[in-house]
Amino acid sequence: MSGNTFGKIFKVTTFGESHGKSLGAVIDGFPAGLDIDIEKIQKDLDRRKPSQKTSDGSINKSVTQRNESDEIQILSGIFEGKSTGCPIGFIIPNSDAHSNDYSDIADKFRPGHADYSFYEKYSIRDYRGGGRSSGRETACRVAAGGFAKILLEKMFPQFEITASTIAVAGIKAETFDKNEIEKNSLRCADKIAAKKMEERIEEIRSKGDSCGAIVECKIKGIKAGLGEPVFDKLDALLAQAMLSIGAIKGIEFGSGFESAEMLGSEWNDQMQKNDKDGSFFKTNHAGGILGGISNGNEIIFRVVVKPVPSISKLQNTIDKSGNECTMQIKGRHDICLAPRIVPVIEAMASIVLADLALQNLASKID
Amino acid sequence: MSGNTFGKIFKVTTFGESHGKSLGAVIDGFPAGLDIDIEKIQKDLDRRKPSQKTSDGSINKSVTQRNESDEIQILSGIFEGKSTGCPIGFIIPNSDAHSNDYSDIADKFRPGHADYSFYEKYSIRDYRGGGRSSGRETACRVAAGGFAKILLEKMFPQFEITASTIAVAGIKAETFDKNEIEKNSLRCADKIAAKKMEERIEEIRSKGDSCGAIVECKIKGIKAGLGEPVFDKLDALLAQAMLSIGAIKGIEFGSGFESAEMLGSEWNDQMQKNDKDGSFFKTNHAGGILGGISNGNEIIFRVVVKPVPSISKLQNTIDKSGNECTMQIKGRHDICLAPRIVPVIEAMASIVLADLALQNLASKID
Amino acid sequence: MSGNTFGKIFKVTTFGESHGKSLGAVIDGFPAGLDIDIEKIQKDLDRRKPSQKTSDGSINKSVTQRNESDEIQILSGIFEGKSTGCPIGFIIPNSDAHSNDYSDIADKFRPGHADYSFYEKYSIRDYRGGGRSSGRETACRVAAGGFAKILLEKMFPQFEITASTIAVAGIKAETFDKNEIEKNSLRCADKIAAKKMEERIEEIRSKGDSCGAIVECKIKGIKAGLGEPVFDKLDALLAQAMLSIGAIKGIEFGSGFESAEMLGSEWNDQMQKNDKDGSFFKTNHAGGILGGISNGNEIIFRVVVKPVPSISKLQNTIDKSGNECTMQIKGRHDICLAPRIVPVIEAMASIVLADLALQNLASKID
Amino acid sequence: MSGNTFGKIFKVTTFGESHGKSLGAVIDGFPAGLDIDIEKIQKDLDRRKPSQKTSDGSINKSVTQRNESDEIQILSGIFEGKSTGCPIGFIIPNSDAHSNDYSDIADKFRPGHADYSFYEKYSIRDYRGGGRSSGRETACRVAAGGFAKILLEKMFPQFEITASTIAVAGIKAETFDKNEIEKNSLRCADKIAAKKMEERIEEIRSKGDSCGAIVECKIKGIKAGLGEPVFDKLDALLAQAMLSIGAIKGIEFGSGFESAEMLGSEWNDQMQKNDKDGSFFKTNHAGGILGGISNGNEIIFRVVVKPVPSISKLQNTIDKSGNECTMQIKGRHDICLAPRIVPVIEAMASIVLADLALQNLASKID
């Protein structure tokens, strides 16, 4: 398994299983001389944590009740509050791992999970909560993304990234108020839709089921010129980054799949003199990316999040010997992953942008 | 611009501009000892070529009328009909490049094209037909994909890959007959829909406009186990590969964006004893990939193709000095890219799979 | 600083400074299913540790007296004693770091050290014992090399690697008895020469000086075929691996620099029927590598180790403001690095071989 | 064989066999906006070509008499005399390939050559002059190095690189006059030694033998700060680059192997106020590199070149079936590779420096 590194210059390597001793990561290529505010990074980690509150202040039952502090411990690369140019190593210890929850399913492949495909690949089964394929792996992405954000804020003072849930189990957000996002358990920017989503999720939870969602991400303040033709296009790398998140099954930029029903005369974003936002475009069907390179317009993409595969309903499956059987999954699981994936999406998008921003330093020599 | 290499072991590096002397590529990591049938590769290249026929035998007006032979010339890596293990270098010369068609737009940024973002990145403008950002660049991908297919057919005798157009300008395919695909100008597997699509395209063409489309790709015969957690998941790399194709703006796997409206109990593919096709799954909402690793089920994904940006309608834009102006694009252009992108999609998907198949040789040591 | 990863499939990423919280590393690409004997890896780490005994049982004064347990803590990638295919993360905490020893030299550049070049590169100075440029960084290489050895022993049952000191301050080893190596403080395979070397080193130590050395490495049991033409030749990667060790300033294979005085008829290793050792060669001027690929003969190379730069003699230097000054280095330092570099050399060579052995799985498809 | 790419940002991928249709390469990551003087690059290629004159104007019999024009043909990446940021593709066609010279040795392994190790690796034999393992492969390195020099001259106006032969078959250069280098057939900077070397080589040639040599390379004008700790140290990458050249079997930096006999007080380069050359060091035992990073001093290294393996004397070997036999090599071969390797060394060193110079742009953010 040699796919645990992401990026070329800003290069993140992660390790760790859901029920092992510790998660961790190394960020290589982080430039020297930047002030590192660890508390800010910890805040993003806290956003990804389970056990959060709903919009009315009650405990959020749509996420797993596993209790992890998710505290980042920096081991290297920072000296007297500044990055030194050396690799930044950190760990996020596991503390609340209940491996016993999984012992009775050690020989069965959970439907919708990676159990079977991992077993076919490695002929070994770390049955404790998905091992490396667990969503818990994303904690390191969030921390690494926190470092990427620090770099982007330094290089692009107007940089701002905002992901939010725009659809859950058929209920869609219709308005966008950024201030609402952190006020409800779905991280939805539409207060009214959020309320409906919470109700819908509670209903699904009570039936032992789970549901899917769509998350949208908007990025402001990135200058034109990021992205490396032809294979490392900005949208290509964002797509890799997003689809590398376990539960995400699709991505679209700008007008996305609707583009299939549009004419060129509708789709092409006409250009005009620079407006106040720094963009030269009248519309944004391209989602801020043309030819795989940022064009100065807002970068917009949406991803679809599959329903949480761990449900308490009885399911049909097979065991390691190939015999058919049924299984019921216990343990503490999320109902809808969207709210916890929001910070992961922001993190991965920031890592892509940070890497391309550093790569772009070598695109021309004056 | 250091993004012109794709893959880790099966590694493709391409070069060449639409109106330069020649396109070309190097495939490094192709194993020794395989029989190479160049004519088969040339056939894929011919499928990508412009100037093809419609379903009624008339000239296909939906694609550019530029006349390129797109003939591959092998320069190295093959000796006495077999791969030697050495890098395979090849070129595809440009012969019908009309740079003059572009001289009058040298100072204006074409809407929907990469002109502006490239200029911001490199401060230089190769105005001859898009230069490196031209779709012509994909010819090398198709040829490299031909080599990937040879490898996959050797490693997985049941391997079969089929992309086809499933929607054009709002018209959707409703049936799937593989034999129809190469019989119409859209590469649509639904004969009746294809006819409607052709009529719709002719209508759009007559108005000087263009349109978008959706292409679906199905892959059979790939064994479970391909894909490298966590960042080089099979779906993540397919997403990068697809989004790296200029006109593609979105991708979804299996149930894709519909997953957002599904419950876990609906989405999870229940397992059963191995059926005749080698799959252990009753359904395929996952699109053949779980945890980023192939699960033995058919691999299915869909991509959206944006409308061709080169339209003959008058458009608003700016020039290199930032002044607003209008422009009308001349030259020979496609109306809908879907049919010509079909072989490109098959090629890029094959490259991803070939690379992951070779990587997978090191996943376990018995 | 994005050079902290080594290898392509067997991929090692290290982090950590000499006086930071912890060293650590991630090994990505270690195949699944191998039995991991951590104690064996710890033994190699112990060989690299300072504070060892001399041949007469007294404390070895030629190495630094810093007291580090160098205990490896595995964080991931191993489950029930076996590798899982997931990245192996580990840390080696620092426990005996005396940063105060360095505070008075924080503004001066130590001659022979990396202080000045690091400062020019990063404009920041981690003055605590060299930070990332400290030899302490090699502990992670030794641990990672331990994993590489486990893999090589599985793939090549005859595999055996032995490095030993063959020259110190002008005194040369003249015999080779493998059993002597771990019995003296220099790791020299010649008992008599070792005694002389120890005496010479004691003399140099008493004068506040240090000295250089030559170490030879012999590798048996590697089959022909490892090494990737043209840039990743086996000797090219071994050279990178060795020169990446701070104190090493040169490398030669087989007859090495003596080749300059040889004729082709002398140098060419004539071939014959396979002898008992599995080699088809009568001699070994090539050092077991031809065309950058192992030829089945014993792999032999020698490296030169520069004198330890930290000496207690007064030296001329400049400070961060560019003013000339003198300095005297305190702290606990080695006199000769050879004995402690021996396990590092074995480790790095093993990492190169493990990576190339895995890469070679894809060199041909039958 | 996936080792045909060198570099991370300035990335060179080469292909081609000695007797195939064409050699070629792709340089990815060359920045946009530089003036490209192809004739200058062609001049370096001409220096590597065989069939050159000796110091007295007669034909140089120490090099192969194969007659290749080695003309570079640029296919992409340059527009109106400037680099565009797109990958630079070029080919160097083979025109004087006499494959027949090799047909009688198709089944025997030539001693000192890569025939046997390649065959063990790939189970296929391209017997035409070594195929990919031929020295002819280095033509592409020289051309790519020409591009690297253009970049270095732009980034470091004082940049100057000079390699020269300092020892041949036991005869050593004792003086250094840069102007002499291109005046004799050995590329030796000592006029008198060069004459002796030429005589010695003529003697060796008359006996059907060949000989080894040492080449030294000096690089001026590189600022402090290039090199990426810890594995991509400047000396580590130069070592990989040099050892990747077929005939080179060793490298040493600065005082090199002599360091083994030196004391720390002798070896450490004491610092002083900046002299006229931009260096802060009184001596240069480190060869301009400390901690793997350039220190502003002249970069100096030496490599050993093995005797040409193709000799006309009768040799003992085995054939593909493992039977012992003798063989005599015909064809046109060099006696001593040093003079033709000089431009290859300069080229590879320039590629390393160009890549590290671009990487260094991201080492700190102000």
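Order of writing sets the labels: A, B, C and D. Residues in every chain begin at 1.
Note that a contact is a pair of C-beta atoms (placed from the backbone, for glycine too) under 8 Å apart; a residue touches a chain by one contact, two chains touch by 3 or more.
Note that the structure is a prediction, hence the values are computed from the model and not measured.
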Chain separated most widely from chain D, comparing mean CA positions: A
Of C-D and A-C, pair with higher C-beta contact tally: C-D
Distance between chain centroids, defined by C-alpha means - chain A, chain D (Å): 47
For chain A paired with chain C, centre-to-centre distance based on mean C-alpha positions, whole Å: 39
Chain centre separation (chain C, chain D; CA means) in Å: 27
Shared interface positions of chain A, touching two or more other chains: 1-5, 8-9, 14, 29, 32-33, 85-86, 121-124, 132, 229, 359, 362-364
Parts of chain D lying in touch with chain B, wherever the complex brings them together: 1-5, 8-9, 11, 13-17, 20-24, 26, 28-29, 32-33, 73-77, 79, 82, 84-89, 91, 121-124, 126, 131-132
Chain D - residues contacting chain A, complex: 8-9, 29, 31-34, 85-86, 151, 154-155, 229, 358-359, 361-366
Contacting residues of chain A [partner chain B, same complex]: 1-6, 8, 14, 109, 111-114, 116-118, 120-124, 132-133, 137, 167-170, 204, 209-214, 223-233, 235-244, 246, 249-257, 259-274, 280, 282, 285-287, 289-296, 304-311, 313, 315-318, 322-324, 359-360, 362-364
